[in-house]
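Chain nomenclature is as follows: A, B, C, D and E, assigned in order of appearance, with residue numbering initiated at 1 for each chain independently.
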């Protein structure tokens, strides 16, 4: 890797760092927020961060494989969101409030 | 029938009786149970007699029938087989055990017929005889020890037969524990002998016994024999460990007759006679045996004076007669000891059975102060009892006279004897005569003190026949071994007894024998004095207890402190409890409290509490809060990453 | 400062600020819309990485469908202002924030460390040139992508088809189940 | 974006110009609509202000301007204001991606007669038009009026379900042209109707090589779906219900209302533009290829640039003619067809349009597949 | 791809829009007379009694979910459609065609299931 000067040129590590930051923001969202839907959104955010790193790798490695995987990740994310929200709606229907505490009722 | 088969049948008959009665122990059919048990005894008595005559047929030197059935254990080069030997000594014992046993079984059919556990009683009795036979026939100390323990067990079972009465159960327990203390010493003795001689087989031991006398007290032979003797005191109720015998009267009377008169208590004497070469080699032990024998004889006799329970009096007389046997053995007169063992077996069994029939007649009344004048009611019991009485006080020409006199004489004449021993012996004899006559007077002669509700009646035939047979035996068994002094005047009847035992008994070393010379006239003098003293005390007792009843009490009051001391059996039980048992119990309680409760329990509780708390701690992790789970995942991730970076 | 770098910094800004807002805002609807902003930013970022088709797909699928679902659900239950946005528990709160912070630092550290070491296909290498030509060949690299997707990852493609079917059936079943929103009553 | 700074600025200015053009077209359309509907309903329509009521547009604009700015108290203000602004963006950004005429070559730099040229054309346009849903949701939620929320929900559900059919129709188009780029599609539709298949060549001289003849079914589905996308009449149920009054923009008055109209008409224009590009040869003149026009231009004006200017102008006009035709169709349909009931509308979307679109895709695929495999 | 241009125009429009709004606000002025009726959200038609336990009309979210799933399936068709002719030329056309046919069959089955289980049912 040629020496990258931090500002003038955008190398692979820039994208990876960006995706890492997004990932951690998403993770903090998952950990901190009480509202379930926001937790789901933060998970989406994390998945997007992962997508960025995939595409970055595929560009700098000239390998289309990265983008194909993004396709798959995308599908999974959509599927997860769909099912997740279906569950959340049923929770909301029963408890009139979407809050992570209610998942404790599912406790073993 | 070869010899092995005979011995096998001899042994297995009582065992079979035990098993059969054992399996049907609930049945109350006393006739069936009794007949099975007695049949077993008759079979083994027949075998014993045939074996005896086989032996008689053999030349004197190798009179020895042995049988080995299976290899019990081999530990390194030490091999023990279940081997049994019938020779001069054990054959006599066989005859006594099976003979007296059969009579006693017959008697107990009548005595125990109303008892609920009659079958159980007979199975225990048979089992006892089986163990006694093993003890007697055992060819090594180890096999004997098996019998020794078996007998101890049976005595416990039989003493505590009516275990629902806690006193009787406690008596059984007491007997068993005191025996166990003796057995421990017995074991130590066996170990020492095995250490020194490498074998426990009687034949080999007797052969290996050193001919030179061992002077030091701490020599192997002395210590070994001493330990064995302490074992014997436990089993045969001598000074230190005799306390269990008076309490053993809690058992049914035939049991006392069989176990505490004829067989078990003589086991100690038999063991010493069996190993006589070993004991001869240890003069110090013999001196100890003699002294303890004499002391027991006198002490037991004194306690006998104050007892009011008919069986207690007989128990203490047994202890003192055993004292005589040990006295004889202690001075080296093994033959005389053996002779007295036999005669004692007969007249003591007789008297116990007599007491049994009296108690049976008086409907379980044992206190002689409430009896009296039973002569009229129980003719046969009375006359058989008189025979026993005459034998025990040593009335001339009765069996007691011959054997006791022989012991007294050898106590005086034997190189290891001593004039003091003879004096103690004579005192013992006087006291025996006195309390036996007191017993006779209070129960049979004199005015009847029986209260109205009780109608004494003569026992049935099945109980009186054994009495008669025993009475005859008690009377004539003396002529087996007439001492030399007397035999001159009685047509030179040869001393069969001495002659029979001679090859097996080891004489004292010639040097010692040479050092002492006695004349026949001395013997006659001593004999005369002892007989005179005995008869005079008997008449005194007769007079005190029949004519002037009050006089006994007056005399007792006059020597109040001594009387109380004797009456309370020298407070021996109390001393034992105070000195040994109670501190032992309190120590163990303390030990239990401090070590077990505080220390060990605390440790275990600590462990369980620790795991429990740890569990609670971990439980908080699983509280269903998903975000916390996610947090743990991310923390894990952080840990992994930092590890990767760190490397 | 060429066009691309400026663009990258602008886009990274457009990405991170709404992302943070998603987590911080109390009103979930606002956070949903901020997430839409982030998604559009991500699409633009794909464009800078020459993945034009993916940018389009991201726009259509993520922004166009998933976020619509989120927003619709939020609006349907008109979840307005939240009483308590962040989950309770002081210690666990700090623990979480601390954990995430450290994680971020570590990730960035690992990345900078790793990129120094790994040797990507150096631009000058023949392979890179050959691949570049191939990439430049199609109107954009979608053709290359398509080939790879359909030929090499045929199985993955079919499995995804099945997955989507399963999810469709599942969600319908879930909502029509007894407690579901659409119960068959 | 061009490499020299001059080109960049020209391009940027061009995008703004195209945006303004779009914004200006809306009042014209409104006028056209009001006159058209009047003509259909046999009444006059606006004719007072200026000749044929043309100045009416300005009057409306002025009126909208000085309307008072009103926000319902319960609604949250940010969303309420953001919705109209956000209405403009997707329409304009998507509209610019459509090629309106041949590129203009002046000197060494060439300028595209469109906002900008996106190499993944269709996907980009679809993506951006998907943003339209958010304006509705924001407006509905912002005005916190329960009914406007319901209206927004219904509108977005409708747009979503027809987007499926739209996407599938486009798949057919992509399969045929083998490219996402719109310009390439237009070039592919030049000349007479010809295609090679089953080992032989087919060609019909009198028919232009337009997409409609390859994908007739796809075209119909596409056109219907675009109506739903822009909430035009047969599908404008969002505002149709009695209690929904004006759907998600009930609370809006004044200029914000106008912006929504711009957005709506923008979507309509995109739909018209896409129809022309996909199925009617874009700016290509039927029967006359682009080079001929270019050559005549050169012959007329003598210089290269003159030729290219001439060709781009001519093609631009051609494009606008087709474009206007479709716009008129939109308006015409609005004032003729009755409104669907909501469940009929959704059923149409899911149970008829989508299956037919799928059928169309599979049909084209099998035809192309067979064409290449077998020889008749 | 003229990303710069797109971003420029979006910002331009945003600015243009907000400027227009503020212009209108400036000219029109804030709502002077604000009465409760006026401020209230606009309603017309028969005031409908709100059904208490109205089933949260969630057909919308179900449609949205199904839309996502089918949209992705359509997106997968794009690259396939793009390269279909190239695949045919390259000879692997048959394989790709069959894989896509299976994919579409799944799509159709999903759709059929959704329709049959009346997930897309709207009350009249």
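By our rule, contacts are C-beta pairs under 8 Å (C-beta built on N, C-alpha and C of every residue); 3 or more make two chains touch, one makes a residue touch a chain.
Given the structure is predicted, the values throughout are model-derived calculations rather than measurements.
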| item | value |
| --- | --- |
| Required steps from chain A to chain B (each step between touching chains, minimum) | 1 |
| Co-neighbours of chain D and chain B - touch as defined | C |
| Chain occupying the middle, per Cα centroid | A |
| From chain C, the most remote chain by mean C-alpha position | B |
| Chain whose average C-alpha position is farthest from chain A's own | B |
| Pair exhibiting more inter-chain C-beta contacts, A-E or B-C | B-C |
| Intercentroid distance (Cα basis), chain D paired with chain A, Å | 34 |
| Distance between chain centroids, defined by C-alpha means - chain B, chain E (Å) | 111 |
| Mean-CA-position distance for chain E and chain D (Å) | 17 |
| Cα-centroid distance, chain A relative to chain C, in whole angstrom | 6 |
| Overlap residues in chain D, where contacts from two or more other chains coincide | 1, 118-120, 123, 153, 156-157, 160, 163, 167, 179-180 |
| Touching two or more other chains - residue numbers and ranges from chain E | 1, 4, 6, 56, 58-61, 64-65, 67-72, 75-76, 78, 82-83, 86, 107, 114 |
| Per-residue overlap in chain B, given as positions that touch at least 2 other chains | 625, 627, 631, 634 |
| Touch relationships between chains, expressed as pairs | A-B, A-C, A-E, B-C, C-D, C-E, D-E |
| Of all residues in chain C, those that touch chain A in their complex | 1-2, 4-5, 8, 12, 15-16, 19-20, 22-23, 28, 31-32, 35, 38-39, 42, 45-46, 49-51, 53-54, 57-58, 61-62, 65-66, 69-70, 73-74, 77, 79, 82, 84-87, 93, 96-97, 99-101, 103-104, 107-108, 111-112, 115-116, 118-123, 127-128, 131-132, 135, 141, 144-145, 147-149, 152-153, 156, 160, 163-164, 167, 170-171, 174-175, 179-181 |
| Chain C-facing residues of chain B, complex | 625, 627-628, 631, 634-635, 637-638, 641-642, 644-645 |
| Touch list for chain B against partner chain A, complex | 623-627, 630-631, 634 |
| Chain A residues within the chain B interface of the complex | 27, 30-32, 39, 100-101, 103-104, 106-108 |
| Chain D-touching residues of chain C, taken from the complex the two chains share | 3, 27, 29-30, 33, 36, 40, 43, 52-53, 55-60, 63-65, 68, 71-72, 75-76, 78, 139-140, 142 |
